[in-house]
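Shared chain: subunit A. Partners: subunit B in the first complex, subunit C in the second.
Up next, the complex of A and B:
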């Protein structure tokens, strides 16, 4: 990926949209969980698809991770990956209506549910800023209980040089040890749509 | 909402006829619409369900969990999902395989989709139930096949490792047998000259004794000689330091005979030891095996370790002595290699009921637990590449196994390692005990 996917102005616009969107997302998640949610300032960057492992390295400083993916479509298409550390995710069982004794299948379902809430809220926030609607596909487990290097083990090999625009946000629930990272990924070959959407957004001021 | 079917619009009719379960619930989770799929599969007509809570219609639903799930859809205005992989079914509906069977009820993916009113508020939630029974069954069968294949592969890997071990053992014993033949030949060749040199030395000793007796007899009559001759003889004797020579010559001969005895013994041990190819059961002395192995490896040990023997009273045991030699060789060489600088190796033997117990303890570097766990694994070695095959202890283990004995190890890093072998005195008794255990298991 030689040329940058976005102009500096578009990049700033996306950063701004993500920031406002996440603020709204934080409020709706807080409403659902009845807990205060801490969100990091979204970071926009570009990464090559064949080096996604490096791109997510260090997001969650834990040895065992689970990742959930979810596709989204509408005016822009892409995928969202939510990376969970395994510490503290059981904390959420009560909030999400699960019993105390989680079996493995329940744990996966719990993380799918949590990911769906976070992804829906964040995409909703961003879609609203872009004055559009984004739909999500059903979430699925990308990798369960793997070391950070194994997160993308089950994905197909990316074609050389293909890249993506990544909007990265980190979540923490204030009163729990739970933390996760959300990566909204827009494939480089479909970036024309997001450019257009960003230009429309800029033109509306 | 409780409409006549004839009033349904074209869109409603399409939804009604879709091969997907579709129904809507309001904020109280009361059913507000119910399509033909639901009528057919739930076996409940519209009149029966419309206006009733879904928890009444489906009493087996996980209530508090599902309530929260719906709450989130209403609050967030975003869809929610369940997948058959985590939750094979949410609504208990009969499957479409009453004859061919294979599942307990319809496997399903579900979607809870918010329907917003004009103000953007979520007024209803549309529940879509997708029948994925066939895909799920196929997927499960695939997963089972993969699991079975993986298990089979693991089993094969184990077999391959065992085969490699057996092959290596074979090569090892062939090698030792070849060395044995060579050694037996060499031993035979050495034995002959050593035999006649020894017998020559015996004669030489007698001749020397005679010669010295003769000189002494002359000495007793030396005064009878004329002065000149006597002085010459005494000068000769003092020049050659006769007293010392006479004394030293005897001990030289004695030491040489001693040395030759040792050569004979080592040659004999080597010949014995190298008969590893022989797998006949014999009654043999464990001490004999230990001692002849010690003789063979003494060269490797003597500069590093003092060997302490603490032998008890042992009966002869039924064993393959040449294989036991190999066991002792492995353990002794390992013990010597574990010692850095100077240390000691203690050989302790005791008789215990119908067993003999042999301990080989060194004061070497010891092993950490993670190494200790794996020492009997074939090809596991801590020695540098090319130094060890990683088979010594694995072969040891299998030889002890063939003797229906046991081998245990106790090691403290920095302090040393003790191997404890237990061998039954009689094989027949041990064999039938082992068989009984197998049958009991």
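Up next, the complex of A and C:
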């Protein structure tokens, strides 16, 4: 077991900051779908990229998943991956008026849009807490209609497999089966920056 | 006599931030709870005139606490403090008897008007 990347206090601060980001994201998607969004308690943990598959399978118990990725950079940098269960997505398509006629291209488009709304709101909330600004890259599809094991395949370039920090958040539409998970991955070589940002945050109150 | 204030949040950091945002000259006795069950236990011991309540918590969440308090003849001021900023979240808790909904991150400027309005701080 590696030495902890964050102190207990830094970890708590990151969790609370993520909580605020998640709240913003929840409000944004609630606005898009006009539905109440149930939010999970965010979790921060140190994880290796290869254990992500297991984590995702636990968060979204569906056989077929699609994932969208977006990079962010600024004072802290990393990548956000939003994972959608495909059963819930059909429900989402219905909600958005696509009916049964949703073709693959539209589906990707829809998920990219939803991911973008979630990620922008979430990172906006986080940046505000850290008194900084974060730029977000355009979303792209990381994997489409794959089993959990196929999400983080060999083609994917890992930020750094040896001990990234992962912040997990779950969203669920109250009266629908739609759910998605947001995984914020902070690469190991960027942990110094996040530590400093968290210390500044802690010193500010 | 000092007022009993109960701060309920699963995040120790959030509890700390909230306690630091309380009026410094307020004569209170502060207790903390990390989940809904602990919160209700403290309330039943008569240790909560004012409750600052988080919504999303593992185990019994803030909505569960409000529901139970309503059933048990709510006899305290509940101020919900949450990162869930959906308008519906606010409507729900206000219907369940909360006197106010304060958005996280909390600070003194957000809390003071609420506390004054209800006369818990003069």
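Worth a mention:
Heads up, the rule we're going with is that the second predicted complex is superposed on the first by the 186 of 205 C-alpha atoms of A that agree within 3 Å, B and C clash if a C-alpha of one lies under 4 Å from a C-alpha of the other, contacts with A are read in each partner's own complex, and residues count from 1 in each chain.
By our rule, a residue touches a chain if its C-beta (ideal position, glycine included) is under 8 Å from a C-beta of that chain, and two chains touch if they have at least 3 such contacts.
Worth saying up front: this structure is predicted, and the values here are computed from it rather than measured.
The superposition on subunit A brings subunit B alongside subunit C with room for both. After overlaying the two complexes on the shared chain, residue contacts for A:195 are found with neither subunit B nor subunit C. Once chain A of one complex is fitted onto chain A of the other, the partner contacts of A:12 are limited to subunit C, with no touch recorded for subunit B.
Of the two partner chains, neither subunit B nor subunit C is touched by A:172.
After overlaying the two complexes on the shared chain, residue contacts for A:90 are found with neither subunit B nor subunit C.
In the superposition on chain A, contact is made by A:41 with subunit C only, not with subunit B.
Contact with neither subunit B nor subunit C is seen for A:77 once the two complexes are overlaid on the shared chain. Of the two partner chains, subunit B is the only one that A:105 touches; subunit C does not reach it. Legend: residue contacts after superposition of the two complexes on their common chain; A:23 is shown touching subunit C, with no touch to subunit B. Taking the two complexes aligned on chain A, the least Cα distance separating subunit B from subunit C is 13 Å. Residues 64-69, 71-72, 75-83, 85-87, 109, 111 of subunit B are the ones touching subunit A in the complex.
On subunit A, the positions that touch subunit B within their shared complex are 28, 31-32, 96-98, 105-106, 108-109, 112-113, 116-117, 120-121, 123-124, 135-136, 138-141. The touching residues of subunit A, counted against subunit C in their complex, run 9, 12-13, 15-16, 19-20, 22-24, 26-27, 30, 36-37, 39-41, 129, 205. Only residues 10-14, 17, 20, 56-58, 82-89, 103-105, 107 of subunit C touch subunit A when the two sit together in their complex.
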